[in-house]
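Next come two complexes built around chain A: one with chain B, the other with chain C.
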Partner chain A sequence: MAPNQPQQVTLSPAELSFLRSTLVQSPPIRFDHTKGPKDFRSMRAEYDVLPGANGSARIALEDGTEALVGVKAEVEKSQRRPSPDARGNTLSVAAGDAEMRDTDAENHGKGKGQNSWIETSVEIPGFRDDDPLPVFLASMLTESLLASGELKDRLYINSRFHWKLYIDILLLSPPLSYPLALLSMTTHLALLTSRLPALKSEKDEDPLFDDDWDAAVFLYPKNEGKSLFGAAEDKPPVIVLAMAVGPNIIFDPCMEELAVADAVLAVACANATSSSTRARIVSIRTIDPPSHLTPPGVPNSMNSATGGTVPASSADALTQRELLATSGVWTPPRGGMKRALISQVVKIVVEEGGVAEEVISALQAIELG
Partner chain B sequence: MPITILPPSAPIATAHLKHEDSDEDMSDDDGLPIQSATSIVTPGETVTSDPQWMRGHGTYVPAETTTIISTVAGHLHKTNKLLSVQPLRARYQPEIGDLVVGRIVSVQTKKWTVDIAAPMLASLPLSAINLPGGILRRRTAVDELNIRTFFSEGDLLVAEVQSLHGDNTASLHTRSLKYGKLRNGLFTSLSGAGGGILSRRGGVVRSKRQTFTLQTSAGEIDVVLGVNGYIFVSAHNKSKQDEKDVSITSLEQGVSETLYSSQNDEIEPGVAREITRVSTLVKGLVACGRRVDEDMIVRVYEGAVDLDAEEKVMGSADRAGGAKGVVEAVLGRLEMGG
Partner chain C sequence: MPLDTSTYSLALLRLDGRRWNELRNIHAQISTQAAADGSSYLEMGNTKVLCTVTGPAEGRQSGQRGGKDNEAKVEVEIGFAGFSGLERRKRKNDKRTSEMQHTLETAYSSLLLTHLYPHSTITLNIHILSQDGSLLAACINAATLALIDAGIPMTDYLVACTAASSATSAESDNSDPLLDLNNLEEQELSFLTVGTLGRSDRVSVLIMETRVRMERVEGMLAVGIDGCKRMREILDRVVKEYGQRFS
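And then the complex of A and B:
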């Protein structure tokens, strides 16, 4: 489980109780009254902001949170290692080997990518490099990028050389809400607009590149119109945050909403290349919501300042709390997420016209427009 | 539409830049390098070296020179011969008698420290609060032990600035029935707007009434506008209304049992919806660079309710821009209608 927010949420028990009571209503009343449960905070985005990087993007949310991502590619010598092909040569029968070669010509570098070819670093102001928040954010982002396996295969040049991709993610503001979704969207946009110099050499020669930047090829190639096989073009994955409060599911929670979450789910999704649905899920992680750390409210019956009697022992206090029937007292949520809710989240994300499709097409639209 | 992504734009709100001050003398503005309302001066920048000008807020004159240097980043203002720089963002400067909303940061043996958006934390001594039941007596060691039953970390309260110390830290008191712990509602902060002198920009202005009751279709709502830019919108407390006129001598009847309660009353969904609506509109007002006061909130709230109702009838509820978009639409209609 990913770590909670390091900074303690300082909302009073009465506020937490109020926020929760509005969010569990149906339809939920969000902290921003104009937003529905599936609405994202509006954001401003631009790409190609850094001249020295292969691809870069900047996204600013309306609450002032801002992220900057730069993608830098370098040519690196591959470690010599016995490839599965080579081993197959010695062990398998000749017929199967010939078949393999045929497919290899078409799918350049398929299955040859290595996880170490992508390096992600997350920097958040006020945090050390080895603090849990940046480390976990970086590993979750890397995980989603590697999960589909297509990106790392694209970095393959030939058997001796490969591209090494450095993705530097910088949060320019303090993390007001859990910044994973913002960082992921910015990374998505940066990767989408990343270009690599065009390769001029062939096969296993030392790589030689076209020095004309205009001839550079996109890391995620854009095929105009429909491709031959009817498959949609491949796009980098994007992570959306969903949180559960009672029976409701809310996307893109702000800081105040996260403070009363029952459970938070980070869903990484990419567009489906070949399936009936428009999007597919690459990875799912639960995130420990900051609500678990909030102090419980003191009910009137246990508060000496409001005419109640303070329980004699802590065990007594616990029993009284368990028997508490009133709804106006804040009690931190316990336990995780119900299975039905997880499947509901997954459904909302991947369905036709669902959240994943909306987010990916909205990010795509920036590049076109 | 769940997601809106806009192209980058100049982030500055232009509404507050159109200031028409009657006391501004436009005749002799020679020797002033910066005159455009859209340009800003930065700390250390020379505003002018002409000795005819006097220095005001936000400026500094080094010893044995006549150069006026800006000490803050902001817009230049001149009133006759007085030059002042109005900072873009400022913290609240407490003044005696201000009504502020604060949040308890820490609890000490005899006092609480309270965040009131000022440069320094304010303090609230144990002796400056009402005891439950309104008993008037010395604070004993028992009270000191039970200090967390009154206020604990994170609690919101409304208080008045009682005195200022030498280093500009404020001392608060809650010795009135109007003051005390806040519950049954939502907190909004307009950080960076400052108070008082920054009245022309978005933010709370010192006014005659800082707390008022808003009539809504679902019920009454209390709004507390702290001068420090902290705002609390809550369900109307009925019991407060009945015991409004109690003198200091009969405090015990006035100070209700629930003064230090951290438990919310039952709030109807309709009221809760209106509370979030008001709170969102306040944020929208600030995003538009408008001042936040009773008159403005009432007008914008009524406009927003009308707009919402019309959109429901027309069936077109698609509006981009969230809170800011709604407030802009409402303000546009209000200005059209006069």
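And then the complex of A and C:
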């Protein structure tokens, strides 16, 4: 389980209880009452902001949190590894040269990518590099990028060289709400617009690149004409945060809403390239919500100042609190997420016109417009 | 790799086509980030810097919260983004960075009216997004804008510029001082960074790390101070344009 956010929410037990009671209503009334449960915070986004990077993007959310991502690629020498299929390759060349060339163009680098070719670093002001929050955020983002598998294969140049992709993620503002979704969307946009110089050399020669930047190829190739065949173009994954409060599911929670969450899920989704659904889930993680650390409210019956009696022992206090669970006095939520809720989250994310499709197409629209 | 700047004497044009006293294209924005107390974004050519100000606020450490003698403490943190340079490099806190931080800290603790905020800290976070010369100058200009946005009182704009001497050989006398260097020129020429207080000629920051002949320094300083005055006008226009939105 990923660590909770460091910033403590400064809400009193009464405020927390009120906030929770509005969120468990049907339909829920969110902290920003104009938003429905599936609405995201509005954002300003731009891409190609840095002259010295292969791809870059900046997203600022309406609450003031802002992230900047720069993607830089460098050519690196691959370590020689004895591969089991090397012998098979030479044999098939002998069998049919023309046939081989066709499959080679199709499967260039297929399955040859390595996880170490992608390096992600997250920088958050006020945090050291080795603090748990940046480390966990970086590993979660890398995990989702690697999970789909296609990206690292695309970094393959030839048997001796490969691209090393450095993804540097900067959170420019203090982490007000859990910044994972913001960082992921910014990374998505930066990767979507990243370009690599076009390769001029062939096969296992030392790589030589076209110095015309206009000829550079996109890291995630765009196939405008081919959409007829139904094979959607591959896009980087994007992580959305979903939070459960009672029976309700709320997407993209803000800081105050996270403070009353029963459980928080980080769902990484990418658009499906083959299956019938429009999106697929790449990875799911639970995040420890800050609500677990909120102070419990003291009910009147346990408060001597209001005519109650202070429980004699801590065990006594615990049993009294158990009985108060539904009384409206704030008690920090315990336990995880119900299985039915998880499947409901997955369904909302993946379904046609669901959250995943909406987010991915919205980020795509930024690039087009 | 040594760079041949001898072509300058032929056409009196620099590598990027500027004349000796021309600034690069400067673009600045103020109040770019809603979550910060003050923020700014500054581009000087391809040098891009983003600055956010937190405070005056209670300091982070439990020990000394403010500065000495009931004055606010100014803290500066400079972060080099991994993608900022030509090659991707992670810069840990090296000596150059800490010297830049120290320069900004001392410059702003004397400029800001820190006695108004006892026991508090003003933190400047500077992100260097892209570096192409005049880094310290860009940091100072961005920090000034961000501090203005944060509404922290100061006596005047602190603006900075770089200036260099064009002649590389010792004997050539007809050397023009050059204003606002880019990265290539910085590697080749001896240069200084000068920061002045607004319209006055009062120098507040002056840093020079390379060798130059004594008699050239005066010319370089004059050009640098002149550049600072122009820089002040540019920054002043940015601030006023931002202010017009609320009038």
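Here are a few things to note about the model shown:
Convention: the second predicted complex is superposed on the first by the 344 of 369 C-alpha atoms of A that agree within 3 Å, B and C clash if a C-alpha of one lies under 4 Å from a C-alpha of the other, contacts with A are read in each partner's own complex, and residues count from 1 in each chain.
We adopt the following convention: contacts are C-beta pairs under 8 Å (C-beta built on N, C-alpha and C of every residue); 3 or more make two chains touch, one makes a residue touch a chain.
No experiment lies behind these values; they were computed from the predicted model shown.
In this superposed model built on chain A, chain B and chain C take up the same space, so to speak, and clash. Within the superposed three-chain model, A:Asn303 lies in touch with chain B and out of touch with chain C [touch as defined at top].
Of the two partner chains, neither chain B nor chain C is touched by A:Ile284. Residue contacts after overlaying the shared chain place A:Thr65 against chain C, while chain B stays out of touching range.
Applying the stated contact rule after C-alpha superposition, one finds that A:Pro13 touches chain B and leaves chain C untouched.
By the document's definition of touching, of the two partners only chain C reaches A:Tyr166; chain B does not.
Applying the stated contact rule after C-alpha superposition, one finds that A:Asp32 touches chain B and leaves chain C untouched. In the superposition on chain A, A:Gly328 makes contact with chain B only, while chain C stays out of contact range.
Touch counts on chain A: comparing chain C and chain B, the chain ahead is B.
Of the two partner chains placed by the overlay, only chain B lies in contact with A:Val355; chain C stays clear of it.
Once the two complexes are overlaid on chain A, the chain A residues touched by chain B in the first and by chain C in the second are 60, 62. Within the complex formed with chain C, the chain A residues making contact are 49-53, 56, 60, 62-66, 68, 70-72, 74, 121, 123, 125-126, 166, 168, 170, 172-174, 176.
Across the interface of their complex, chain B is touched by residues 10-15, 17-19, 21-22, 25, 29-36, 38-46, 58-60, 62, 251, 295, 297-300, 303-307, 310, 326-330, 355, 358-359, 362-363, 365-366, 369 of chain A. Residue ranges of chain B in contact with chain A, taken from their complex: 1-9, 103, 105, 132, 146, 149-150, 152-156, 181-187, 257-267, 269, 272-273, 275-277, 279-281, 283, 287, 319-326.
Across the complex, chain C meets chain A through its residues 32-36, 46, 48, 50, 52, 54, 60, 77, 79, 81-88, 90, 125, 127, 129-130.
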